[in-house]
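Each in structure tokens, the structures are laid out below.
Shared between the two complexes below is chain A, which has chain B as its partner in the first and chain C in the second.
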Partner chain A sequence: MLTLSVRCQRVSCQLLASSSTSPLVQTRSYATQPKKGQIVKQASQGFKGKKNTSSGQMEHAKKDKKMMAFQPLPVSQLPHPLFESDRPDTLALQSFHPEMLTRVAESQALKFPHNENDPFRIFGLPRNILVEFRLLSKPCSVIRSVTIDAINKLDAASDKNSKESRVVLTGPQGCGKSYLLLQALQYCNARDWLVLYIPRATNLVNSTTAHTYDMRTRTYSQPIFAYQTLQRFLKVNALRLEQLRTQTEIEIERRPPVPPGTPLVELINIGLKDQGHAPTVLGAVLEEIGKQTIFPVLLAVDDFQALYCKSHYRDQHFSAIKSYHLSMPRLLLEYASGQKSFARGAVFGALSMGNTTFPLPLELREALSLEHDRPCGPYVKRQPELVEYAHGLERLAVPGSLSVPEAASVFEVWMKDRAVPSKPNDELFLTKYSEASGNARAFVWKGLLSSMSA
Partner chain B sequence: MVHVLGVQLPDYQYARFALTAFYGIGHKTAHRLCARLQIHDKCKVRSLTPHQITELAAFLSSPSTSIPIPRFPLATSSYKPPPASTPLAVLKEEMKKLSQRAWADPLRNIKIESEARRVVKDNIAHQRMIGSYVGKRHAMGLPVRGQNTQNNARTAKKLNRVDRRG
Partner chain C sequence: MNVLRRPSGLSKFRFYSTQTTRPFVPPASLNHFDFRQRQREKPRPTSPAFYTARPEFYDQLSSLESALQHAKTALTSCHLLPLPQFAREALPPRVNAWVDKRELGLKLRSTLTTSRYRRVVLVLNELETYRAIAEKAGIAELQEGIRGITELFERADAATMLARGKAKPVKFDEYGRSYTLGKRKTSSARVWIVPVQQPPADKSTASQSIPAATETDTALTALLDPISSSKSNEPVSVSQILVNNTPLSTYFPIPADRARVIHPIKLAGLLGAYNIFAIVRGGGTSGQSGAVAHGIAKGLAAHEPAIATILRKAKLLRRDPRMVERKKPGLAKARKRYAWVKR
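Showing the complex of A and B:
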């Protein structure tokens, strides 16, 4: 009980504390001392329900609304004795190291490394995982048998063309596809691969980023997203990109061509100086790293099915724009379909089965030989372009339920982090595991964190 | 704050919602307008470029005389774009050949602000002129559409008149 209330307080008082200048001042609005001359009224309401609040409190309310939820509060801003733990930090996990990832390490929880150019920090994370990492004291994950399978695939792909290693992680909702993709990403980053991660591919097609028609490519380019992708790619892979140079002349609009032998970092900086050049530069950079054989390349995309759905964008005549007519999804689809490839590397995608706005389309379902959720005989229309873009994708099925040792490791992580409100014992573990049928998300969120038992 | 044709559009609002501030533009028309001007759904008014604002003002000042936009050609899956150094004139020529003629654009028939109010006034004036029941009720300042008058009818008594504000 205490641990949950402590955690909730940690989560709730971030709303104001992060804006305070002095860490020791209590800044929650109901607890602040009124300024000199300021009369603090009780919450009085007029006949029509009009609130009489001072301007200072209104500002606080506005600031509250602008803050986002689940920002972890630094320990230095929690001086109250309520936040002091009576037990030492018991979540001692080994670091996620590529050499450790063998069958022996199965069902073991490992913490992800944390450094300045960490791909999670720079590229971002899917929403569910972001929330979990903010609740946990340190980002970690459990190594499963399917993790070792994925890593073996990556090891095999490191010497082959990416056309032969285009893998899509499938499985029911909440089984751990996004986590597996994160583990693959960290593994490749530690193994000195060039990594490009798109954590939320839905943001490419849900009309949240600018789009303009480009006459040359006959598609709608997304310059701001391309610019941000270039920026993040450069930050995470800076040391590796410094060793690479262009192999051919690269032409960019309204600019003299970039000669061969130019460092790739310089080419990326051209795209960063002018957002209008970013889509062309991003395409050119991916082509160049596709030609080189020094570093293998991993292109990882979460919400992979969104690339095959109809986008929310509308063209000037109000017809829906297809995803392959947008520059960023088209680029990812070309690599996913094998039309473009990396000399060494792989393309990994993770489906998001719980997304109702961008559900799994028929063409992708058939390409991955997944079960149909509705009748679809030969008279149901399939878009030939999407069938072409989905051709040759390999499926890696993530098991729908955690094995008992894996679930036990997950339970231990949350237990040792003092996040389980109930008494953590074997009975609780087995009860919640059975109720969730081993499903990872249901086990953690609906089982452990949402229920309380004496 | 952006001022377009006398209407203030707050910076913090989504452009698609802010356009509904115009009399005569609702959510559907605003969505179509944003699509025409290539403004995405979550674009805020402060992110609009000066070019987009100028186009918006130019379109709204006279929608019926706006230039019809052709249907742009879109790349097939096997399309390989020409090199980036291709001159703009060459690209425009190719586009002209491939662009298809657009069919009727519903946005060209919209009426906003004073024109839309004039339409409402003219309709009421016509009803009065022909001596219809609707016209008489507007003149008396009573409900027009068969509502009860024993009680209520406050809005009609306040607002209904022959030169009713649209």
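Showing the complex of A and C:
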């Protein structure tokens, strides 16, 4: 509940503005936005009443604690010599540069660039990776053989229609699918592609963002999420979008149509001015960049399987709303299935196998020809719409275990950052590698960071 | 000549009790009578034990005792008996596995009582002792002779009886795999361990052109330039561990269980040397991990006897005897008592 209020707090624009223009707004109370400065408190008062004045401050402190989880303290607050704040940085990594990414650079750790408009900073990151980047001194990743494969795929896709390059990264839990997606994203951003990244697709379907029924499209639109996506998309791809213009007339409800030849930045600003227009504008913008052939486009979605699950939204009959009846997931599903496409570019999705609220559905499992772990005979129901949306997806299997040189690079990164509590020697490396059977997350989190040995 | 035996012709005479004295017949007049047909009505008994309760038994016993006596004399003639105390102690202690009372009775063709059985066993033990002395001294003939007697009375499964309680040596199959069992609480694990096969190193042209470096050269480079020389191109071999056909990290999600399985390999310093395949049944996660660790320790001790001491010191070769304690009446659980009420 608290994180919900925090997330809503982050959005600056208010929903009330849109309600004045679109009369049929149905928002749920949990998704309303509090006024700026006010924090919605959901917990009970307890025995000690009359704490209204101080509760606000208490909540404020709690909120800060949550936001600041794993955030390192600034150097000025660490004067004690034990912290060794003046120690020179031993983690000397080369920068992630697209030209470097060849087979020679395999099993090398490279640090991600830190820019103003860095896609990670703007779009956000999956939770696990966010925590890791907060622990490390600088965000970095190890180039694996599968990275080179993905990059080759992207290079091949840059000239083709995105319909032919719809790739889903698969593999067991903790094998590095989200990291690979990040590397692909950074590569495309460096290669001057237009990038759109959804780090946590579960947020689209777990009813944390407002949804309103749209009579025109007869689907539930998610205006706030669309608005945020537009904002971020504009910020990351600002320089590239300035060069693009619309090619057709675009109709937007309750305002005059946008003439062709309008700069795309202007079109996006229309959506940013009024949240109610954001879903339509987002769809139009994606269509426009799909028509142009100057820049290839990458649509990267993490937690890809959440788009194929039933959402946690409920309609008036209390039945779960299907994911393809929500505007944002529907848009992503259309591009993932090839019903809509970019003239140049690719759609990349990464599964999240450890999510139990949104497990991998049968239709997607069959489309990607993955192993079944439960009965899947002809008597098990498959939704035809989802089968259609999953048709033609290509699988890129991420190996379940790191190779020894890759694991050695990972070990070196954490060792040089002095995050390993045990003595970092060969024995520790081999022990933790064997215990984890090469699995990356198990190696780092349950192996290196969790255990202490002399 | 027995006076009581009368010639047949004189048998018609009756002797009444009134006649206290018999008629005197001079011995010379009886000389021409042939008494040979009047030999013993009963034949002389073949063995001196004929008039005992169990003649066969005593026959066998006496033959055994005579064999013992022969052996004793032979050893005495070789100056091996009487054996001094230190020499007796130097003999390997022998636990004998003789046939049981019923079997021995069948062999000796008479039912045996415990005391008779014990008597035979005593003799056999003595024989066995003399055989051991003869074997130690190297007198092959005597040793084989005694062995020929004692092996008749040994149990069929004497070898297994004597090996009871001793650890059986672990056998390797044609691929060099060891097969061991490990147990903990109610879990049991079957563990196969096979050495990791290093792939043959590919010889590149570059390495062929450079002359082979000597040991001192490599040591010198390692000293002067540790960082670059440590990054050798040799592939690092890694142990693959499969438990019930799934990788170790998948089967045991808890880090403590994984560490318990790896612990024997880590202590032995054999990480990357052996691949392990285990099938484990019964119990829960920690029991299964303990069973696998026990099996791995036994297998590694078989592959490398040198590290068996290290594993024994770390108590990894020992089957953990701790089991779940039973619930007792009057107690809530094994040790937990019910709440004490004053009244």
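The criterion applied here is as follows: the second predicted complex is superposed on the first by the 383 of 454 C-alpha atoms of A that agree within 3 Å, B and C clash if a C-alpha of one lies under 4 Å from a C-alpha of the other, contacts with A are read in each partner's own complex, and residues count from 1 in each chain.
The rule we apply is simple: a contact is a pair of C-beta atoms (placed from the backbone, for glycine too) under 8 Å apart; a residue touches a chain by one contact, two chains touch by 3 or more.
These figures come from a predicted structure and were not determined experimentally.
**Student:** Is A:433 in contact with chain B, with chain C, with both, or with neither (first, second, both, neither)?
**Tutor:** After superposition on chain A, A:433 lies in contact with chain C alone.
**Student:** Can A:446 be said to touch chain B (first), chain C (second), both, or neither?
**Tutor:** Once the two structures are laid over each other on A, A:446 reaches chain C alone.
**Student:** State whether A:404 touches chain B only (first), chain C only (second), both chains, or neither.
**Tutor:** In the superposed model, A:404 contacts chain C only, not chain B.
**Student:** Name the chain, either chain B or chain C, that contacts more residues of chain A.
**Tutor:** Here the partner covering more residues of chain A is B.
**Student:** Going by the contact rule set out at the top, does A:381 touch chain B (first), chain C (second), both, or neither?
**Tutor:** Touch status of A:381: no partner.
**Student:** Applying the touch criterion given at the start, work out whether A:103 contacts chain B, chain C, both or neither, answering first, second, both or neither.
**Tutor:** Neither partner.
**Student:** Of all residues in chain A, which touch chain C in the complex?
**Tutor:** Residues 172, 400-401, 404, 408, 427, 430-431, 433-439, 442, 446-447, 450-451.
**Student:** Would you tell me which residues of chain B are touching chain A in their complex?
**Tutor:** By the definition above, chain B touches chain A via 31-32, 34-36, 38, 40-43, 47, 69, 71-77, 79, 81-86, 88, 91-92, 94-95, 102, 105.
**Student:** Flag every residue of chain C that touches chain A in the complex, lowest number first.
**Tutor:** Touching chain A from chain C are residues 235-236, 238-241, 247-250, 255, 258-259, 261-262, 265-266, 269, 271-272.
**Student:** In the complex formed with chain B, which residues of chain A make contact?
**Tutor:** Touch residues, chain A against chain B: 206-213, 215-220, 251-253, 257, 280, 312-318, 322, 324-325, 330, 339, 385, 388-389.
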